[in-house]
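Consider the two complexes below, in which chain A is the common component and chain B and chain C are the respective partners.
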Partner chain A sequence: MKPKIKNRINKWETISGWLFVMPAALLFATFTLYPIISVFYYSTTKWTGLSTPEFIGLANFQDILQSEAFYSIISNNFKFLFLGVPLWTFFPLIIATLIFQQVRGWRFFRSAFFFPTVLSVVVTGSLFRSLFQYQGVFNIILRNIGLGFLAKDWWGSGATAIPMLTVIINWVGFGSSMLIYLAGMSNISESVIEASLLDGANWWQRFRHVYLPELKRLIQLNVVLNIMYSFTSLFGYIYTITKGGPGYETTVIEYLIYLKAFTSREMGYASALSVLLGILVACISVIQFVVLRKKEKT
Partner chain B sequence: MRLKKVVALFLAGIMAAALVACGGGSGTSTAPSDAKSGEPAPSNNTGEKTKLVVWNAGLADSDDSGVYAKADVPFNKFNAAFEKENNVELEISGYGMDQMSQLMTAAAMSGDLPDVIILWAGSSTNDFSEILLNLEDYMTPEDIEKYSALEICRAGMTSEGHLQALPLGLTTYGAYYNKDVFAQAGITEMPETWDEFIAIGHTLKDAGFVPVVLDNTGYSDAWVMSEFLADEMGAAGITDLKDGTVKMADEMPVRLLNEWKRLHDEGLVNEGSATTDSVVIDEMFLNGKAGIRFNGSWNHKNLVNDMGDNVGVFKIPAISADAPFKDDLVSQPGLNATVTIQSKNPELAVKYIQYITSGEFQSEMAAMAGDIPSISTADMSKIDNPLTAESYSWLNEGGDAVIGFDSVISAEAATEFYRSVVSFFSGKMTAEELGAAIDKINLK
Partner chain C sequence: MRAVQKKFSIGRILVFCTLVLLAVTTLAPFMFMVMTTFKTKTEYTSSLMALPSKVQWANYKYIFENFEVFKFNVNSFKITILSVFFSVLITSMAGFAISKIAFKGKKILFALIAFCMVMPGQVTFIPVYGLISRMGLVNTHFAVILLYVGSSIPFTTFLMAANCGGIDNGIMESARIDGANIVTIFVRMILPLLKSTIAAVSILNFLSYWNELFYAMIILQKEYLRTLTVALTSLVGRYGGNMPIVYTGLFLNCIPVIIIFFVFQKQLIQGVSDGAIK
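Right after this comes the complex of A and B.
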């Protein structure tokens, strides 16, 4: 091919490549990149959303970092992290293993366990909110079967509400993690499983020495996703179930951002909180990445 | 190759068009108008209907009791009549009050405010002063004089502020009681002081009833605290809370908070009240499990429909017999109607809010719901609800009308009170700490 023609084809390919990328790039720039950059700008301003933003430097960050409430609220996020991540990671793994081993009724359970995943957060949130109220169905059942002493105001304190929320989030979401694990398990060589059976490995030994090592990467992925989830995806549940209460006992940083932005109309402060949340999640991700790479190398 | 290029160009074209459409804005109320300067609304010579966008947070457009057909609910009936008389199309969206602040903030930022907003009176409205039209530029003094309780509808909630809203009735708060329960407990005298109220609570408890039911909203707490503060500060003094002349962490409000907490300390409220929804406590009250429920006049019709003559009401008792303003009563417009500065048709929008705050409209609303009209042209003979008649009589007892404390402090500080009062009752916060938390937000 003559160089001139080749150049022309290359040029057209470049142009058409750009044209193909442009729609997604424009969308990304308009609805993701621009807002992210704006948040950095607004975090250095005092702005109600109605007024003109007034530049105040790093005062918002200073206020946040000097506020006791911020540390108390971020500690709620860590409570979700420490309670939630093990549960959200290993519960679906155990269920997936049972289903993979085709326990009785596994087909039914596979569908049934996935079902809550398709429900909206508002539906599940409202359902569980009323179910576990002090006068709710759960406490009524406890009282009627003679276990009234166990009846509690489940949403009445962070000590009970946060574990309850963690369990509810697990109930809603473990179906999708279970499917991911099942997909991973289907890639395990049958000969490995058969060999373990021939060696007389019991259920726990197979789980410990066959499934866990084979699913290591998927487990790592789930841990990473769940850690991020505990900082960035709790809003729907908090909003529909506890509204961050009682007081601020179940308020997490996302919900605080919402309160500051739309209840207090402190857009600058809320933007600064968003920036700090972004930095926090980025730091955690980097630490995880480094730790996992080190482990892989060893 | 050619097909690929055509597809790419086509997609890029669609994308550009979509972005232009997103940014362009449309509808009736996107661009700020010259309304403040009093310029006339754009004329509509094409015969097309002018559209007014209305956001409604609180004015009933349906009747829960089923007595009124949808079209006969006063709000719907008057809207239909206004549309017909003025060749207008009303685009009405209903929202919860908890959403309204967020919506107004977001809409103001994007230049998408509606023409009219109906929302809670007091700080919920006043916090948005800068986006609300001065109604005095569009109304005659004679028209304005017809309304009562206008102070709360003025900028800064002072008589010097410009008029930024028109009131939609007067709300009173009361202690509603189940007559059967009171009869079974042998209670015949209604309490006039807080000590007497507490004593009645113990009588009800001893008779096996839940004396008082409270829900998780924090509103009942605010209503009772409003009455207590009114008893101590009076109509003129209550506004001292706004600028911090009197703080919630001061000795007097802290004492009142602790008095209110006696209900909890002495076991006179439903267990789990901090997280119980209002629908649950309504059921306890209606079914005769509980004796007293704090409520407001907007709910009179529902209460009478549900309980017939088995429900009665008495004034929230005075904090003490020697309180300086014990005869003053918290009564204020619960809702008001506003016009935003982004309205393209401010004159028409003002005409609309005058229409839905007219005497005729408020009389019909009073008959359907229970609030007392806040305009002199209302026909009070239409009010046949015994609960409304009772609370109307309170207004004529000589005490001054006082604005509720949660309408005086900033809306955000009020929200902090609703949210944190449950922590106070559960002992996780002292009255001083609750007061300080409210002050911190109110005075920032």
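Right after this comes the complex of A and C.
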């Protein structure tokens, strides 16, 4: 982007430029920039949200880092990460390569797979909560096909609830990652694909040598987004399905922030958790930036 | 997407069957929900999977009489449409300025926005809530609209700037020489050229605002102000033992979204694909 009009950088340009960005810049400064800075301040206070914040230094951080509950909650995030990231990244990739073979009705499949992504998390969450209850449809199906011994209350413990949640998130979201992969694949030149067909490459060889190298960047992007997702986008599902329970077995850090802020009104403590989450997210994006940069150079 | 291989083979049949199976599992839960809305509670508890004996609308009637569907819909539509409108207006202006006007301070602004783009709402919402409450805007639709528009700014501005950058500078220059001022250029030339981006962004934002839970829930604490999406969480709590009623409420929330899905599918697919590639 090198505007030709650059030779006329003048006062008028600057004024009109700022007038055009002003509304966006103001909203951005008020609702993003200011909060990012002030959350650091709030994290050093004791504050109910109504009272005046009272400065208590780093006591909140001390409390958090010394509590065992915090580590078990963070480990829940990592469970989502380790189970979810491979599933949410590669499942849509496989489906996209299958659809890209131009099977009969691919347009229908593409739409059908994309459909759940437009529904509200309140809808999908509440729906799946009931489907996977002990008396729910899923267990009935299991019993009907002779797998009744597998039937259980899927939300009854973290060990079954977390894997189930990652599967549900995949059910809802794989359609949009699939679309992204499909868009990437349609950029692969026709001749490369044809050449691979003439060489008699089978599906796996084509996938490995033609699609995969081309899609590397998108796969990396998806991995990063999904890692972020397991720290920042689970709230809706947790809130509508397990409410963090049983106990704290499915509570993740963002849900803990919500609980501390709005149920027990410990806004200062919650802010300290926010700061920790923010630092974590910042680290992930720095790593992503460095890794992706390096890859681009080679 | 072109024809890659039209040959008839076992492999292709397998692929087809896999996709059919996946399509069934993808759509079945939703179909189950819709089917259940036509069943009575007794029918549902005696056999979850059976089809309704006859299509009956009692659940819909009940929910319209006992749950303020109309009011919640009005709240939802009001918040969603105003947010979409202001988000598109503000971000297209900013995207235009960033990509086409050389003004001082632009680089710093751009870098700041890029830096903050990754910060999730969980990091900022406590100060945001504090701010909203100091401004006396808790329990107002205005606050929710502000937050929706504000949260859309980084990503949507980038998308607008990327698409606006592709517009030829020559036509702008010649319009300028003809004496058009910058507002005229923006309204008459840039906006029409950004039409498809605006359409995609509007649709994607409509869906995310309509479906949004968190901000709407913490800001709108009074029942009568709630959006349909937030109101449903209390419906689920209240009628937990009567799933046909709950499902009916959930389905009502899906109707506008389904209409958009069918009418604007092309733009929707375009929008999702564009966002990642750019």
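What we mean here is this: the second predicted complex is superposed on the first by the 280 of 298 C-alpha atoms of A that agree within 3 Å, B and C clash if a C-alpha of one lies under 4 Å from a C-alpha of the other, contacts with A are read in each partner's own complex, and residues count from 1 in each chain.
Basically, contacts are C-beta pairs under 8 Å (C-beta built on N, C-alpha and C of every residue); 3 or more make two chains touch, one makes a residue touch a chain.
This is a predicted model, so every value here is computed, not measured.
In the superposition on chain A, contact is made by A:T30 with both chain B and chain C.
Taking chain B and chain C in turn and counting the residues of chain A each one touches, the greater count comes from C.
Within the superposed three-chain model, A:F262 lies in touch with chain B and with chain C [touch as defined at top]. In the superposition on chain A, contact of A:S130 is made with both chain B and chain C. When the two structures are aligned on the shared chain, A:C283 is found in touch with neither chain B nor chain C. When the two complexes are overlaid on their common chain A, residue A:F20 makes contact with chain B and with chain C alike. When the two complexes are overlaid on their common chain A, residue A:A112 makes contact with chain C while staying clear of chain B.
In the superposition on chain A, contact is made by A:V103 with chain C only, not with chain B. Contact with both chain B and chain C is seen for A:G49 once the two complexes are overlaid on the shared chain. Comparing the two interfaces of chain A, the one with chain B and the one with chain C have residues 15-16, 20, 23, 27, 30, 49, 130, 261-262 in common. Those residues of chain A lying in contact with chain C across their complex are 1, 3-6, 8-9, 13-18, 20-21, 23-25, 27-28, 30-36, 38-39, 42, 49, 95, 98-106, 108-123, 126-128, 130-131, 136-137, 140, 171, 175-176, 179-180, 182-186, 190, 193, 197, 203, 218, 221, 228, 231-233, 235-236, 239-240, 253-254, 257-258, 261-262, 267, 270-271, 274-275, 277-278, 281-282, 285.
Those residues of chain B that touch chain A in the shared complex are 1, 4-5, 8-9, 11-12, 14-16, 19, 22, 101-102, 105-106, 108-109, 127-128, 130-131, 216, 270-272, 274-277, 280, 412, 415, 419-420, 422-423, 426, 428-429, 441. Chain A makes touch with chain B in their complex at residues 12, 15-16, 19-20, 22-23, 26-27, 30, 48-51, 130, 133-135, 153-157, 243-249, 261-265. Of all residues in chain C, only 1-6, 11-12, 15-16, 18-19, 22-23, 25-27, 29-30, 32-33, 48-49, 89-91, 93-94, 96-106, 109, 112-113, 116, 118-131, 133, 146-147, 149-151, 153-154, 157, 165, 169-170, 172-173, 176, 182, 186, 207, 210-211, 213-214, 218, 229-230, 232-233, 236, 243, 246-247, 250, 253-254, 257-258, 260-261, 265, 268-269, 272-274, 276-277 touch chain A in the complex they form.
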